[in-house]
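Before anything else, here is the set of structures, which you'll find just below.
The same chain A turns up in both complexes below, where it pairs with chain B and then with chain C.
The block that comes next holds the complex of A and B.
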């Protein structure tokens, strides 16, 4: 029953492409598209009543077949995917209205949907890789759709790095297969003997997945790709596509014993990602780039959950991040669509009460203020931390709030009142309300300490502004031409190789 | 003599070298293809069993067929992404001129 979650959207992708070629009316194509996205809800609703559930496709023996499961490890990923994807599907129908031929976009979106769902249910390393790749390939193409200058270059960089990372990931799977003889997560766990080869495989696999998840220092492709993609696509990329590698890390965590030294190194990477992401975000003047750098920082939180052997923390935080980051990209994207600029100083939401409410709610959610959902994931992550790690965690949290104080400060300045699309506004509000609703459902309550945290953040923002911190402009090392793109790929590939080497050497 | 796995890893490293040193984007795509070829060789090598037969008819000893089938899937992904990358490079060139 579980595999049918994926089947219908794949079928719909095929039908949409077929109808487009046969010149069927736009309305019918849209209907098939929506049916493909929403049919997953029905199956998901039916399957969750029997949770936890696990089955082998085609009823083969466990050793020969592919196992898919729906339990606590995949439930929240799938729920987040379905919520975000349904909202973005409606949003993109209004966003791409001006374009002549939309069938290809809908087909790519359906393929991405199928790829993500397939990745989140699989318990077989190779099957997981194939589905993640289906989602990635469609996202490369969707980034390249944007008419903005530099979007093709961003898509190329995203493709090159993501592809190299994928190959290294399969290489790691190959080593695991060579040593254990299985690809199934549970069978690997039951038969694995810790050896040097397994440690090498873990190091290679983790560095590949860290690149795919856009975690510092391997985040270089992410700000370009996520900020130059069309607005609804950015919401998907930042919201859920970067979560697929995180699910891969969870599978590795479930399958293999990870050494203490690798976990410590991952904790270090997580903290540096959390802090560096926030610092870069603070310096951005482009609204979408600011959000993209926050993704780098927030993915650090999710990695922290895995690095501190706290998978539930990672899962809940990933769920929360999908909702609020997707929502932020949608609501700020709505402003950008109407006002035709990404410059933070020119954008404004002063005249628009709906967007104002949703952006403020989502900002509080990403800052981890209860009763919004972000706080629930943070509470889980905090349970395993102590000493200096705890303080670093709080500093990163306050940094995020300062950055969003900045965002709201600029957006609040009055400007020309330009009406934005009503459907897009309502969708942004729905996701903002959902972050609140899930927070309340998980039993979060307001406390006075959080008001204090907000005050500290506003004070820090004011101080930083007085010092002139926000006026620092970052130096660009690489130009726009193709030759420069080649140089950029070279340079970052060196960085990636060095990172890989560090992770490999610690395992010896 | 070196075995197929070692040769595969060496070819993968040659691909990585190409990605680090070549500025031409098309050469970079080719380097990625070299990397994937090395990977395929590595995988097929993992299924090798000495003196074993082709796994078509039931025989005494056969090589492990699973790695080869996995590589078929990877090759499909490979073709798709190579064409996408080349299309992107064409678009970039058109944008530039």
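The block that comes next holds the complex of A and C.
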């Protein structure tokens, strides 16, 4: 029953392309598109009643078939995907209204939907890889859809690095298959003998997945791709597409014993990503770039969950991040759509009560303030930390809050009152309310300490503004021309090779 | 762009054989080396050979852009439907057509159907790709 979750959205995607070639009316194409999304909700609703559930496709033997499962490890990823994707689907219908032909966009969106769902249910490394690729290939095309200057180049960079990561990942899967004879996660776990080859495979696979998830220091493609994509697509990319590699790390964690030294290195990477992402975000003047750098930082939190052998923390934080980052991209995207600028200093939500509420709620959620959902994931992540790690974690949290104080400070300044689209506003509000609702559902309560944290954040913001920290402009090393892009890709490729070397050599 | 008479006649002669070979690979994929993907590539090659020898514009009149698109997407729809029908018999992609003597054509169940769908999909997709790329290159 579980694979039909993917099958119906794939069917809808192919039907949309068929209708597009047959020149069927736009209304019917939209109906198929929505039916594809609704079907996955219905099947998900039916399947979750029997959780935990496991199945081999085609009723083959476990050694020969592909295993798919629905349990705690997949459930929150799928739930987050379905919530965000459904809201974005409705949003993009209003966003892409002025374009002449939307069939292709709907087909690509459905393919991405199917790819992500397929990746999140699979318990087989190769099957996971295939579906992650389906999702990322459609996201390259969706990034390139944008009319903005530089979007094609951003899509090209995204494509280049994402494919490098995929090839290395499949190489690592090859090594694991060679040493254990299985691709199924449970069978690998039962038959693995730790050897140097397995450690190499783990290092290669982790560096590939870190590149694909856009974690510092391999984040270079992410801010461009996520900030230059069309607004609803940015929400999907930052919200859920970067979670697919995280699920891969989870599968590796479930399948293979990971050495302590590699875990320590991953913890270091996670903390550097959390902190550096926030520092870069603080310096941004472009609203979408600011959010994109926060994705770099927040993915560090999720990696931290895996690095400290705390998969539940990673899962809950990934779930929370999907909701609030998707919501932030949608709500700030709504402002950008109406006011036709991405400059923080020109954007304003002063006249718009709905967007103001949703952006403030989502900002509190990303800062980890209860009773919003972000705090629940953080509580899980904190349970395994002590000493200096705990302080670094708090510093990153306060940095995030400072950055969002800055965002709200600029957005609060009065400006010209331009009405934004009502559908888009309501969708942003829905996702903001969901972050609150899930937080309350998980049993979070307000405490006075969180008010203190907010006060500290506001004070730090005020201090930093006094010092003139926000006026620093980052030097650009690479120009806009195509040749410069080639040089940029080469330089980052060298950086990636070095990173790979460090991860490979850490066990010696 | 037109090539010489020798090339054009040869490709015209070879192309139908390639199509036959592709059909064989599709149908007998489960019994002999081959299968859907290889068959699809050979199917596409038969069209691509004609394009290189006769030029894009002439070939496009016979194998229309829209028809190629329809074959591509409908074979994909068929492919998913095979998998979905299996759910009624006990599992996604369950081989519900059984029968036939071991080693005969019918013993494959849904595998030949699957191979045919994959072959058509791959062949049409490759042709489609060539059409789209040639739009920018072709100047005759």
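What we mean here is this: the second predicted complex is superposed on the first by the 508 of 508 C-alpha atoms of A that agree within 3 Å, B and C clash if a C-alpha of one lies under 4 Å from a C-alpha of the other, contacts with A are read in each partner's own complex, and residues count from 1 in each chain.
Quick note on the criterion: a residue touches a chain if its C-beta (ideal position, glycine included) is under 8 Å from a C-beta of that chain, and two chains touch if they have at least 3 such contacts.
Note that this is a predicted model, so its numbers are computed, not measured.
Trainee: See if chain A has more residues touched by chain B or by chain C, and give me that chain.
Mentor: Counting residues of chain A touched by each partner, the higher count goes to B.
Trainee: Just chain B (first), just chain C (second), both, or neither: which does A:4 touch?
Mentor: Once the two structures are laid over each other on A, A:4 reaches chain C alone.
Trainee: For A:194, decide between first (touching chain B), second (touching chain C), both and neither.
Mentor: neither
Trainee: Just to be sure I read the superposition right, which of the two partners does A:178 touch: chain B = first, chain C = second, or both, or neither?
Mentor: In the superposition, A:178 contacts chain B only.
Trainee: So in the superposed three-chain picture, is A:152 touching just chain B, just chain C, both, or none of them (first/second/both/neither)?
Mentor: first
Trainee: Look at A:452 in the shared chain and tell me whether it touches chain B only, chain C only, both, or neither; answer first, second, both or neither.
Mentor: Neither chain B nor chain C is touched by A:452.
Trainee: Can you name the residues of chain B that touch chain A in the complex?
Mentor: 5, 12, 16, 19-25, 28-29, 32, 35-36, 39, 42-43, 46, 66-67, 70, 73-74, 77, 80-81, 84-85, 88-89, 91-93, 95-96
Trainee: Show me the residue ranges of chain C that touch chain A in the complex, using the header's touch definition.
Mentor: Residue list for chain C touching chain A: 66, 69-70, 72-74, 76-77, 80-81, 83-84, 86-87, 90-95.
Trainee: Where on chain A does chain B make contact in their complex?
Mentor: Checking each residue of chain A against chain B gives 126, 130, 133, 137, 140-141, 144, 149, 152-153, 155-156, 159-160, 163-164, 166-167, 170-171, 174, 177-178, 481-483, 485-487, 489-490, 493-494, 497.
Trainee: Quick one: which bits of chain A touch chain C in the complex? Just the residue numbers, please.
Mentor: Per the touch definition, chain A meets chain C at residues 1-4, 7-8, 10-11, 14-15, 17-18, 21-22, 55-59.
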